[in-house]
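Take a look at the structures below.
Across the two complexes that follow, subunit A remains constant while its partner is subunit B and subsequently subunit C.
Now for the complex of A and B:
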């Protein structure tokens, strides 16, 4: 993304701070660019954290109390982007959803597509068993626990597949990969919600 | 989230909860899910093969109040309709009837998808049966 020249010294630069006069620039509305990183799906969370602390320090409001109102405004905007961005980017699932959105994939309103019918069946069955358990049918407990383990294993498997696809996209930037990622994320959402739900019920009835 | 009166009514007294015999050739089953939230819905219709009219409809939804209300209302609307009339039911009718807010539109889409899936399943079964009959002749 081409940035306009520095508002203060009018020179060309890339990044949050001008390389020539060090003035804070109007932040681009993109989490990756606030962090000064390329849009990659695989990302070193430790490095992200280090960068987050460093930028938080550089953008701290105390450093801007005597700067121009414009820069004060920029620093507020940049800090809020930084904080939101950190929350999203450090989580692989949210990060992937963010990248999909930025790459023009709409997450909402896509109906049942991308999810195999057998998975829906299984999700439905486990929900049924869970409901019986909630209503006090202790016989359902075994089935629920067994299903929980199976679903948790499915989720782990999906996470492994996601990791591979992340690398693949970072290398080749093919839309087909993003399509596959979206399919996996959809499947993951059903499974994840259910596993969480089962865990809630289990703690309640223990 | 404040639910409308109608949503609350269907939510508290859902109509036609339950299931029909999946293996009955006159029963169509639709199983759908909303990837936005991970909710799932099963909707079934039982069709009179002579008249093509839907005689019974049942649903079971694991999801939010709007999804439950949408599917409950859908089963009410389905009864007495022909298969073709049922296919013409649009999620917007559910949205209007239940006064769903924009963020809950996908819940009504889920119900429309479920109707379509149930009818497609019924038609598939009928076609398979006709094929068997044709072969036997």
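Now for the complex of A and C:
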């Protein structure tokens, strides 16, 4: 995508700052673009942090106190994008959801309440045990803990699968891969919510 | 040796930005000099300005130590701890009112007004008086006008409380370039980044507020990971507890209830505060109080004191635990703990912190001054004088909008790094609807009624259309001060949509403007008068020196023409001496300086010659 010329000196440039007059430009509303990175699903979180700090030094409003109102506004917008981008991109799940959205997928909350059919029986048993625990039956604790571990292990397994699919998409950019990732994310969200709920009940009934 | 602060000398001539700690109990102003942050003392030499404001019967404001005396003599014209009321409504402060002698004016709406003598003043206006005093102190010390400042606020302050602080600055004639969170400011002052990269917790227990922040330090970046706190928990609460006990004690002993007696209560408050402070370094002390010829004396051991305040100290620990959980680090990963605020002098508080964080806390810097010093460092960052440091702070509370059924839809989560923003699409519900009202709240609860109402934003003059056809994109942006800015755009036309802000608590823009106009006029007057006074003092000095020089041998060495020039310049200065124009006085001082240059040189030379000869010059 062609960038418009610099607002200050009207020359061509690429990136966040004009190469000629060093004026900060209106940022493009895209996390990857603010970080100056290609849209990839696998990324090194350590390197992301380093980049985040480096760009913060350049873009933070503290650096623009004595600059023009327009540049101050751009700094506000750019660092807001940077901060949000860092929050989203450092988390694999949020990162994948962001990329799905950018690639035109609908990633609403639908489907997260429905139990995946293959888990029906296990979830039913877990809910029974949870109810008993809530009623004060401490004997149910063992079953609940066992189920928690099982579901947590499932979540870990999904995370490994996701990682592979991330690499696959980064290499080939096939839409079918994203489709798969979306399915996996829905399943993960359901299991993750389940684990969190179990943990909450377990602490509350302690 | 590594440079402590990278200093850009080219900026030396630019306007100076001061750092201000506007505290519940005390306030301070500091600035960056070439060696680092320094607290600016007042004309009385005191570094702390008590946040106490008194209105004299002649309509003058008295601030600080002088006002503290009036707190006892004229309690109905004097107010303290007004920070507790900043950005709050009448409903919020009911509890405070039972403990503090605030006199609320009858027509207080969503902005509280305090009755001070015959005037009614809002908390920002009263805080502005404290800021004005600090501004004057800084101007007198630095010898230049001060118009830009960084002001600190408790990290857990909500939007309304921050806005109120900013308003106070504007009323005092200060452009508030940044609001900085107190614990983060303290971490800047400690310069912990020089020692190592790591994770630091700042425990800030002040006069009226409690904050905890956890930061990651890396190569000069101070990244706040999480913050928590209680904006109504501080040393004041300990004072009130002791005060209540002493009042009950006295009632039992004397058969007289003093609690309705303003002056007696203020004296007794001073007495319990003294006892509290002594117990930080003594195993026991006495609360001593005299009133109308009777005296009350009660022994208080540190042991009993600690039992009494255990509950208050415990209340600081839950926010700490929540903050650790939110920060994503474990207690073991926290490398250092820093103590800030006067209440951290209490040994029990230190022990509680040490137990929780399993680390010996830092106390090297004066806990009363460290926040102001940090504010000065932040001022240095904004001025471009400190280039290697950068603070990345967070918003302490989640931001959301009220949706159907009073449920909150969260747009920005707590502990998000600021600046940050969120965009929502709004539309109309009925055909031809022109306005849309958006209720913005702050807090962690599910229902809007349990959260803090921030403001109602009204999208106005929407083009009439069938229901649901309008597409208004509203952007909620929290800036680096932690203050919300809302803008709206019609998605179809790309045109800016007008938004009217109705703050739930706080002054409207018009009200602030009116207060600024009133105060600036006064401040400018003050500043001018001082300039004139200072110019005259300088004139006195040079006139006296010239007079003395006329009697010296050097005077005789001058040519007739030179002597005439000096006489002429002296007369010129005397002519303008009583004018109100300090520029003119200074101009004539400079001219006399010029005219006497040779005279001064001759006198200096003869002094040097005399000194070399060993003769003593009178």
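Note that the second predicted complex is superposed on the first by the 193 of 206 C-alpha atoms of A that agree within 3 Å, B and C clash if a C-alpha of one lies under 4 Å from a C-alpha of the other, contacts with A are read in each partner's own complex, and residues count from 1 in each chain.
Simple rule for what comes next: a residue touches a chain if its C-beta (ideal position, glycine included) is under 8 Å from a C-beta of that chain, and two chains touch if they have at least 3 such contacts.
Values in this document were obtained by computation on a predicted structure and should not be read as measured data.
S.K.: When both complexes are superposed, which of subunit B and subunit C contacts more residues belonging to subunit A?
M.R.: B
S.K.: Contact-wise, after the overlay, does A:87 reach subunit B, subunit C, both or neither (first, second, both, neither)?
M.R.: A:87 sits against subunit C, while subunit B stays out of touch.
S.K.: For A:149, using the defined touch cut-off, is the partner it touches subunit B, subunit C, both, or neither? Pick first, second, both or neither.
M.R.: In the superposed model, A:149 contacts neither subunit B nor subunit C.
S.K.: Determine, under the contact definition given at the top, whether A:14 touches first (subunit B), second (subunit C), both, or neither.
M.R.: In the superposed model, A:14 contacts neither subunit B nor subunit C.
S.K.: When the two structures are overlaid on chain A, which partner does A:123 contact: first (subunit B), second (subunit C), both, or neither?
M.R.: In the superposed model, A:123 contacts subunit B only, not subunit C.
S.K.: With both complexes overlaid on chain A, does A:60 touch subunit B (first), subunit C (second), both or neither?
M.R.: second
S.K.: In the superposed arrangement, which partner chain does A:22 touch: subunit B (first), subunit C (second), both, or neither?
M.R.: It touches nothing on subunit B or subunit C.
S.K.: Scan A:79 for contacts with subunit B and subunit C and give back first, second, both or neither.
M.R.: second
S.K.: Residue overlap on subunit A between the subunit B contact set and the subunit C contact set?
M.R.: none
S.K.: Spell out the part of subunit C that touches subunit A in their complex, as residue ranges.
M.R.: 14, 177-178, 218-219, 221, 223, 378, 381-384, 390-392, 416-421, 477, 479-480
S.K.: Enumerate the contact residues on subunit A facing subunit B in the complex.
M.R.: Within the complex, subunit A contacts subunit B at residues 107-115, 117, 120-121, 123-124, 127-128, 131, 185-186, 189-194.
S.K.: Over in the complex, which subunit B residues touch subunit A? Could you list them?
M.R.: The contact residues of subunit B facing subunit A are 31-38, 40, 42, 60, 62, 105-106, 109, 113, 117.
S.K.: Which stretch or stretches of subunit A touch subunit C in the complex?
M.R.: Residues of subunit A touching subunit C: 53, 56-57, 60-62, 65-66, 76-77, 79-80, 83-84, 86-87.
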